[in-house]
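The next part holds the structures, each set out as structure tokens.
What follows is chain A paired twice: with chain B in the first complex and chain C in the second.
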Partner chain A sequence: MSVADRLPLGDAAGNGALLLGAVCVLLAAVFALTPLVVSLPGSLYVFFEVAILFAVYGVLVLGLDLQYGHTGLVNFGHVAFFAVGAYAVAMLSARDSFAGVSLGLPWPVALAGGVVVAALLGAAVGATSVRLRDDFLAVATLATAEIVHSLFVSFEGVFGGNVGIGSVPQPVSDLAGDADTAMLATLLLFGGVTLFTLAAVTRLTEAPYGRVLRAIRADELVTRSVGKSVLTYKMQSFVYGAALAGLAGGLFALYTGAVAPGYFTIQVTVTVWIGMLLGGAANHRGVLAGLAVIMGLRLLSRFALGVMPLSADAFASVRLVVVGLILVAVIRYRPAGLWGDAEELGVDT
Partner chain B sequence: MGLLQNVIFGLVTGSYIAVAAIGFTLVYGIVNMINFAYGEYLTVGAFVGLLTAGTLPVPLPVAVLVAMVGGGVASLVLARLFFTPINHTGPVPMLLTSIGLGIALRNLIRLVAGRNARYFDTETATFRLTGVPDVSVGPFDLLGDFFVTSEHLVVVGCAVGVFLALHGLLTRTDVGIAMRAMGDDEDLARVRGVDTQRIRDSVWVLAGVLAGLAGVLVAIQTNVSAGTGYSHILQILAAAILGGAGSPYGAIAGSYIIGLVLSLSTAFLPGGMAELSSAMAFLILVVVLLVKPSGLAAREVREA
Partner chain C sequence: MSLLAVENLGKEFGGLRALDDLSVSVDRGELVGVMGPNGAGKSTFFNCVSGVVTPDEGRVLLDDADVTGDSPEALARAGMVRTFQHTRELETMTVRDNVRLAAPGQPGERTLPALLRTGSMRDREREVRERADELVEAFELDHLADEYSGSLSGGQRKLLELARVLMLDPDLLLLDEPFAGVNPTLTREIAERIRALNDDGMTVVVIEHELETLTELVDRLVVLQQGSLLVEGDPETVLSDERVIEAYLGE
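Here is the complex of A and B:
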């Protein structure tokens, strides 16, 4: 997270991100593959946990930004693709899970499978729903996410019910010397993946292709009148976003070693959306920075909990009240987000 | 348990969904927004009712009236604070604002009222009809013994009362006629001298009153906790869209369909799959949006 946060908005083609991503992955390989071990101070664990989660959500938010920020598709069921990716990877790669299906395939195969399954779900949802008007697309995707969630809970034999699926391989932990090294290597690796994703979506949206997407967002009728197949572009954008969410889900499953319905609630969708809107939709670095702010708030609240005379339960409620009001305030006072381009997004500031 | 009993449960569920869905769909038709915080209005109404019944020595009907007034006031205040200022921005920012407001309200209620479920202390009379002949088709029993509680009758009775009052309002009063005019074409209504902001405010109040009543009905029939409204919002939404978003009469029909589907799927799905009955409602929602997005009352929601 540390690097993607540095905002200055030059470097359009994403080469910097690519280079940085490669460095991160190489460093991760050094820590994971060599006998080198590091020990982290215990007080920093919480930072690492949140940072790893940030890297995973970063891939999510980049996919969502492709859908909403660039193409204007209001996908409010993003967590469904994240969950499907995670479950697919878990079920394909788990060995003798306590509950549910476990096929025990090698994890790279499972990861590819997870991306494909999420993309297929994206294609199915997209083919049927991208024609809907914006707000109804939001409702349809949200309902899809609820259906997916209840399927995971209901079919215990296949998805493990509320327990979910365990015994998923954790490749980084298996390779690295000890827990601390594994954590650092995971962070570097996931950070690298997020940076690669950043580079990829930047390339995509800087290309003429991205200009068509933004044209669709700005005015569909005009875009159609210059001979672009709006529906095809919308579908592609939706599927790309879903596939990225599937990748994020797969990484998440391989990091935690278990998946359960509790990880995949609407809260994920809300966090990612608020991060995107706060940072400024259609600005890749902006959305990552916005997400960092929201997840920083989560980190802050963990520390604040220690000094506040409140129960953990009450404090969680307070945090969510604040998060909800941030969403309301951003839309009202900074509809283009902190780093978004108001003119491009067609909003008044 | 026979099919008939489940139909009764379905009608009861449909009744309180209908009361709420009318308010939801009116807001959609006239303010042109999907109000995702609407479920929380139900919770607010229910808790106002519970608080009144718990602290003041008033009979239940008075507490219900207080809850309805509370719901109406809350709805107007929230609309004035959060929705009216961004009325011009279009459906998506309004929807996102309502999602944020919903999260904030839900957790505020949880903070104030705690996590426990509460219910009205009512005396229930149960009317049983036994000796109804069984008409078995395969494993299912089409008739069978059934019972109706006084709570069931109150819920259904209130809903029918609301339908009649609403029909009177929309057809016989100036405000109601202006509401329908605005739902059809806001600009034309303004040209004809309708004070659109005042009508919008009245719709917010009406929606809040209905939500307050629906919340109390849920509390009477089952119980309420901070999550009650949220767990009903997708059903309300499904009912409103099934009926044709913006059409109150369609919403009533849609609500009973959703209610029946929920109770019948609970009855006939295998034991461990109770969670799926709520998925059924969303499945209907998605299918309606795909097959006939204009709903029963034929309102267009597709653009391409």
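Here is the complex of A and C:
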């Protein structure tokens, strides 16, 4: 990508993802809407679960890559927008949840509401913090995530406290014939959404729009002095990333049928950040691949527990050590990530 | 008629008076040099005029419109573009993209046209590329067009910065030390380019230490000292002025 043009205007970057996404969604519709049923071997369930979570986190990491990879905004509170999207969808669509607010609106309305609420939170945080220099923005976003998390735990009457919100509709499960078919349809649908997101962010960043974002990442003053409204672009990039995180959260809520603070810890932010840095910031497909690597490793380590002569507690620590070592190795030997471009990211190799 | 008028400009940095009641005006089509010893306020003058810092007092008029305190991006769109004393490249972008970035009026810099990949965006981008390639070639950077600008030498950076600002086709070009750290051959070349731009009707203001090149180049010299105007006039008169000699050579 270093040479030649980043903007292949004639042929259309992102169209492959768009097409593949459409195929996925169509297939999902076939499984969900027709009496067709599939049965999956029980041993594969765990792979399907992780793959569905990967699709959800994929939308998260693509939003983060727009913010950090292209615009240089250090958002250490990505989970906040994910959580707010999930809670908004859950509260808008749940019927008679055991705890917290449940409004019982149709799920498509709730999903749209979730995206809007996350975008609004993004706009509020952006308006107050996006002017800050990198490290200060990191602190402000990290604090936002902590505040959001505490609010969800503390306001039991509204957010259901540690129990969270239950009885959220699960449209795919309701439509599909049985649990196995629902799982496959969900994976295809979410995979399709992730691919659509990939197509959208690719189009955005391959267009002159992305050129302005990368210029901001490189030098704000120069970008301003050639007539670009840097603040507007930073706000847009931040809000778009937040809205995507809200979408991911909404999908997550409609898949699990319940949300609780335990799903939305700093661990989510850490996972998508490691995935992005591992894959190579500013390369959309790279960050997805990096996320796949880190989530794949986590999955593998589950099986490793069975053959290791260690207690589960000790093993959890070993797992963290291994992830940390991988990150250290990548930063040492491939500072731009596995598929990142060192010159474009301005790092020494 | 003056294109740029600066009236009673004042700026203080923590008790240090960088600009003190400075009034300067530049006519359309002029080529003006700004000189003065270190700390005379040359860069602060540029920064105040180009919106990088807001002056404490006074007004800046561009084409008779009050633009005091306007942002650099608004001023760039209004036709006043500047370069920086220490060249600022977008090091993580290619030479080509550095130049293309500056193109005005690209609808593809908005979200919807970018997402929909509209025809107007593609048409504009075709023009932008053509113009950018022309400029890159004119500044003899074409063999480096696909290199990241972080790998350019000091002189090449000066050329790239010029190519980039010309993409905006400004009415008023402010150049902050365009010859600093540049070898004599390239200095002459840059000076010729500046003169050619001025001959084509562009109004240019140049800050410079390098006295010889500057005095040969400009129509009029403005000398600053301690934030105020010391002398102004045509280069020969200014250089033979007692006060200027004193300011430069010391007491």
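Just so we're on the same page, the second predicted complex is superposed on the first by the 337 of 349 C-alpha atoms of A that agree within 3 Å, B and C clash if a C-alpha of one lies under 4 Å from a C-alpha of the other, contacts with A are read in each partner's own complex, and residues count from 1 in each chain.
To be clear about the criterion, contacts are C-beta pairs under 8 Å (C-beta built on N, C-alpha and C of every residue); 3 or more make two chains touch, one makes a residue touch a chain.
No experiment lies behind these values; they were computed from the predicted model shown.
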item: Touched partner set for A:200, first chain B, second chain C, both or neither; value: second
item: Which superposed partner A:209 touches (first chain B, second chain C, both, neither); value: second
item: Which of chain B and chain C A:140 touches, first, second, both or neither; value: first
item: First (chain B), second (chain C), both or neither touched by A:230; value: both
item: Touching partner for A:132 - first (chain B), second (chain C), both, neither; value: first
item: Touched partner set for A:218, first chain B, second chain C, both or neither; value: second
item: Chain B versus chain C, judged by how many residues of chain A each one touches; value: B
item: Partner chain in contact with A:92 - chain B first, chain C second, else both or neither; value: neither
item: Contacts of A:52 with chain B and chain C, given as first, second, both or neither; value: neither
item: Which of chain B and chain C A:110 touches, first, second, both or neither; value: neither
item: Doubly contacted chain A residues - partners chain C and chain B; value: 230
item: Chain A-facing residues of chain C, complex; value: 50, 52, 71-73, 76-77, 81-82, 84, 88-94, 96-97, 100-104, 106, 108-111, 113-115, 117, 121-122, 125-126, 128, 146, 148, 150-151, 164-165, 167-168
item: Residues of chain B that touch chain A when the two form their complex; value: 33-34, 82, 85-86, 89, 91-93, 95-97, 99-108, 110-111, 115, 234, 237-238, 241, 272-273, 275-276, 278-279, 282-283, 285-286, 289-290, 293, 301-304
item: Of all residues in chain A, those that touch chain B in their complex; value: 74, 76, 128-129, 131-136, 138-140, 142-144, 146-147, 150-151, 153-156, 161, 220, 230-231, 270, 273-274, 277, 313-314, 316-318, 320-321, 323-328, 331-332, 335, 347-348
item: Residues of chain A touching chain C in the complex; value: 2-7, 9, 12, 200, 203-204, 207-212, 214-215, 217-219, 221-230, 236, 240, 343-346
